[in-house]
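Below are structures written as structure tokens.
One chain, chain A, links the two complexes that follow: it is found with chain B in the first and with chain C in the second.
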Partner chain A sequence: MTILWPIALITFKEGIRNRAIYGITLVALLLFGATALVATMIPRDVGKVSVDMALSTVSFTGLLIVLFVGINLMAKDLDKRTIYTVLSRPISRPQYIVGKFLGMTMLIIVTMSILSLLAMAAIIMLKVLHADYFTRFTWQAIILADCLIVLMLIVLSAVSFLFASFTSSSFITLVLTIITYIIGQSLNGVKALIESPPQELGFSVSPMTMKLVQAAYYLFPNLSLFDIKLQASHALSVQSSFVLWTMMYGVVYIVLSISLAALIFRRKEFP
Partner chain B sequence: MITINSISKELKEGITGKRVKALEGLDLEIKQGEVFGFLGPNGAGKSTTIKILMNLIFPDTGKAEIGGKNVQDPEARKVVGYLPENPYFYDYLTTDELLWFGGRTAGMDPKSISERSDILVQRVNLQNARKRPLRTYSKGMVQRAGLAMALIHDPDVVILDEPMSGLDPIGRKMVGDMLIELKGQGKTIFFSSHILNDIERFSDRAGIIINGRLKRVDTLQNLLSGGMDLEDVFMREVASAEGGAAA
Partner chain C sequence: MRSLVIVIFLFLTVALHVLSLGNAVNASRTLPKDEDRPFVLPSQMLKIVALEFRGLASDIFFLDSMVFIGGTQTRREIPRVKEWEWRWFAKTLDAATDLDPYFFDPYFYANAFLPWDAGMAEEANRILRKGSQYRDWDWMLPFFVGFNNFFFLKNDEEAAGFLMEASRRPGGDPLFASIAARLAFKENRTETAIYFLEETARNSANIGIKKRFELRIKALRSIVFLDKAVAEYKKKVGKMPATIEDLVNKKIINQLPIDPYGGRYYITQDGRVTSTASSELEPYLSSFAKEIRK
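So, the complex of A and B:
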């Protein structure tokens, strides 16, 4: 652990000082402002709309941080050969990957905490202005939804580390991570759709397509599991067993991705 | 202190991935306290050798050891300070943070890091820039920060890949003085260069590598015997390698 901390800390510092973070925070502030404007246009549902939009903003800006700051943190080490500096120390390849990932996780947690506080400030402001329309509302659901967004971003970041371990450029890692995000968000819906009876669908799905979707279902992270914005905005209860299983799924996916990345990285050369 | 045993390495070249021999049966031994200059034209295999020593690439055959430990063991790098050619560090970190990182990863305590950083920052003349992000540094300043990082844990072995590259005359003198100082402290120094004068000034022994093959290894005294200068010796080896290749 003592060797991981310096790697994690410099990764975090390099990430948090990146100018892109300021730009993304500015985007978040604008979107929170838009939340206030849009929510007040729908007075009866102002509570639901404000929670949904605020959480969507946190999720979207978090995604930007993973894609445009996080991927660079790892990929720049390879592109610019900064990795020589790190690997010339008494650090093994797996330690480098784990340390770097811990730093990235710290960055996601800190930036998401700040963005979540801003989201809560926006919700509080609207709640004060429109208290009558916030009858079905719980902070507990919002905080839980926030935590699952953070976990989803950490899962996505772990997957991006896996891609960076075998690709040769940051651009390919970025593209693969975006594809994973899109597939991960739509997996549940597509699987449910193709598994519906043909009479309901109106067409039959070929066995090949069925197998492809099922393979993708087990291969790609099911990111839609982590999305409980709808429940949070409607103050619906979420079963604790669901939350527990989702968290375990996320942790297992992270451990597998990082272990595989470390394994690939052991034999990677930096000529 | 540094042992290289029959190392061969092929590297992929260009988009076709054509394999070229970068090193062929390299054998070399550098004793403790020795300053070894590794001389060769561009693409001769100097950096490839150093990257194998730093475990950045792996040999196809043979093995390398530092301080009796295989270079693939991270423990081997505990006694090594390394400065890559044209180093690039983290844009938003400062020299102080870079040195903290170097010290911590070498197992130093915060007090020792702070004391040693003060000495090194002064030595490489970065006192006024130590709190500034590295992205605001000139190439020479980055090189000096890298040298300070390589030396933060007072390593027994110092490996420098073209340490004078990109430095102005003042920077070159500073690095030269540091090499002499390190030699005085009994450190083992392995440095590569294609600048003959640098090899002549600082080395106890030098090796001439051409097309991945070590052509000659000897003390400076023996290399320069018979009234020849290093340029004559080097050019003769290049001509002999080219003649051999042509034949």
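So, the complex of A and C:
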């Protein structure tokens, strides 16, 4: 741990100094402004709209951070050749990967906490203005949804580390991570769609496609599991067993991705 | 000198910008549009495409339909809203409530416009039944389904069932149960209708929609009043009045009520009171008149 800490800290500092953070914060502020604007246009369900817009903003800006700050952090050392000076120190390549990932996790948690506070400020403001239309509303549900968003982003970041360990450019990592995000968010829906009875579907699915989707189901992270924004915005009940299993799934997926990334990175040849 | 040239250049560019934008937007209105094809992606597809932003997508679909309704209010042509536009409106609300079946506002809009203005009571009820199933804490949605069944679809049995359901839910008026009973015995249909409308108006957050419901209540009350007068005239005089003014001439009533829709009341050949303007209530009136004449 003592070896990992300096790397984690420097990664975090590098990330927080990134100019892209300013741009992303600006986007977040604009979106929170839009939340306030749109929510006041809704005749009745103001509570629902403000909660799901605020949480969607947190999730979307977090995604931008993972894609445009996180991936750069990993690639910079390789592009600028600073990795040689790091690896010439008494530190192994797996330790380097894990240290970097811890730094990235810190960055996600810190930036997401700030964004969540902004989101809550937006919700509180709307709640004060339209108290009558917040009948179904609990903070617990919102905080839980927020925590799962953060975990989702850490999982996605772990996957991006895995891609970065074997691709040669950060652009390919970016594309692969975006594809993973899209597949991960739509997997559940696609699987449910192709498994529904053909007469309901209107077309038949070939067995090959079925197998492909099933393979993808286990290969790609099931990111839609971490999405309980809908439940949070209507204060619907979420079972604790669901939360525990999902968190465990997230942690296991992170451990798997980072271990694989470390294994691959050990054998990587630098230019 | 040079800075002056730059200022003039910038000024001209801005002017050109405004000019070209205005003309492009105007000219774009002449482009052929894909009208008559109310296309909304199927919900199963939308759920996948929306990724983790289903709630947001639902909000956007609802806002879309809201903006559409707002835009039709200032139209001059008749009919104000075309048939394919209503189909698009229904599909959009259906999509919004498929993306987030717990979202209340699209249901409210479906109920406020589809049965009344679009003549799509069945479609409205299909959407509302979905809402009633998901929002199982909400008395208003089964109440709306019940009303549409009673008022537009003339299905009293189903109306009674949904009203009982509404009365059982938190916040539901126990009175709903007695209306349900009334429906079961087919009594006092008009007062029941007025009560229904009053309840809906009371729960409208949107002032515009509330006003529309109040207008309907007023129109319904006047017509009920005139219909009763016609029945009384028939009993007194022994024949149907030839014109509506006969009711005042024979002192059955003091004066004719004013039609809130701006029309004029008259008696049709089959003895029904109706107005030159309040066609919104038409589906109800024909059955009501039959009942009065019995």
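In the analysis below, the second predicted complex is superposed on the first by the 270 of 271 C-alpha atoms of A that agree within 3 Å, B and C clash if a C-alpha of one lies under 4 Å from a C-alpha of the other, contacts with A are read in each partner's own complex, and residues count from 1 in each chain.
The working rule: contacts are C-beta pairs under 8 Å (C-beta built on N, C-alpha and C of every residue); 3 or more make two chains touch, one makes a residue touch a chain.
Since we're looking at a predicted model, the values are computed, not measured.
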- prompt: Between chain B (first) and chain C (second), which does A:Pro198 come into contact with in this model arrangement: first, second, both, or neither?
  reply: neither
Query: For A:Leu223, is the partner it touches chain B (first), chain C (second), both, or none of the two (neither)?
result: second
Task: State whether A:Glu269 touches chain B only (first), chain C only (second), both chains, or neither.
output: first
Task: Examine A:Ser88 and indicate which partner it touches, taking first as chain B and second as chain C; both and neither are also allowed.
output: first
- request: Look at A:Trp5 in the shared chain and tell me whether it touches chain B only, chain C only, both, or neither; answer first, second, both or neither.
  value: first
Task: Kindly classify A:Asp52 by the partners it touches after superposition: chain B alone (first), chain C alone (second), both, or neither?
output: second
Field: For the chain A and chain C complex, residues of the former touching the latter
entry: 38, 41-45, 48-49, 52-53, 56, 59-60, 133, 136, 182, 185-186, 189-190, 193, 223-224, 227, 229-230, 233-234, 236
Chain B-facing residues of chain A, complex: 2-3, 5-7, 9-10, 13-14, 17-18, 80-82, 84-85, 87-92, 95, 267, 269-271
- prompt: Across the complex, what residues on chain C touch chain A?
  reply: 44, 47-49, 51-56, 59, 62-63, 66, 100, 102-105, 108, 137, 205-206, 209
Task: Under the touch definition given earlier, write down the residues of chain B that touch chain A in their complex.
output: 11, 48, 51, 54-58, 74-78, 80, 82, 84, 87-93, 97-98, 100-102, 104-107, 133, 146, 149
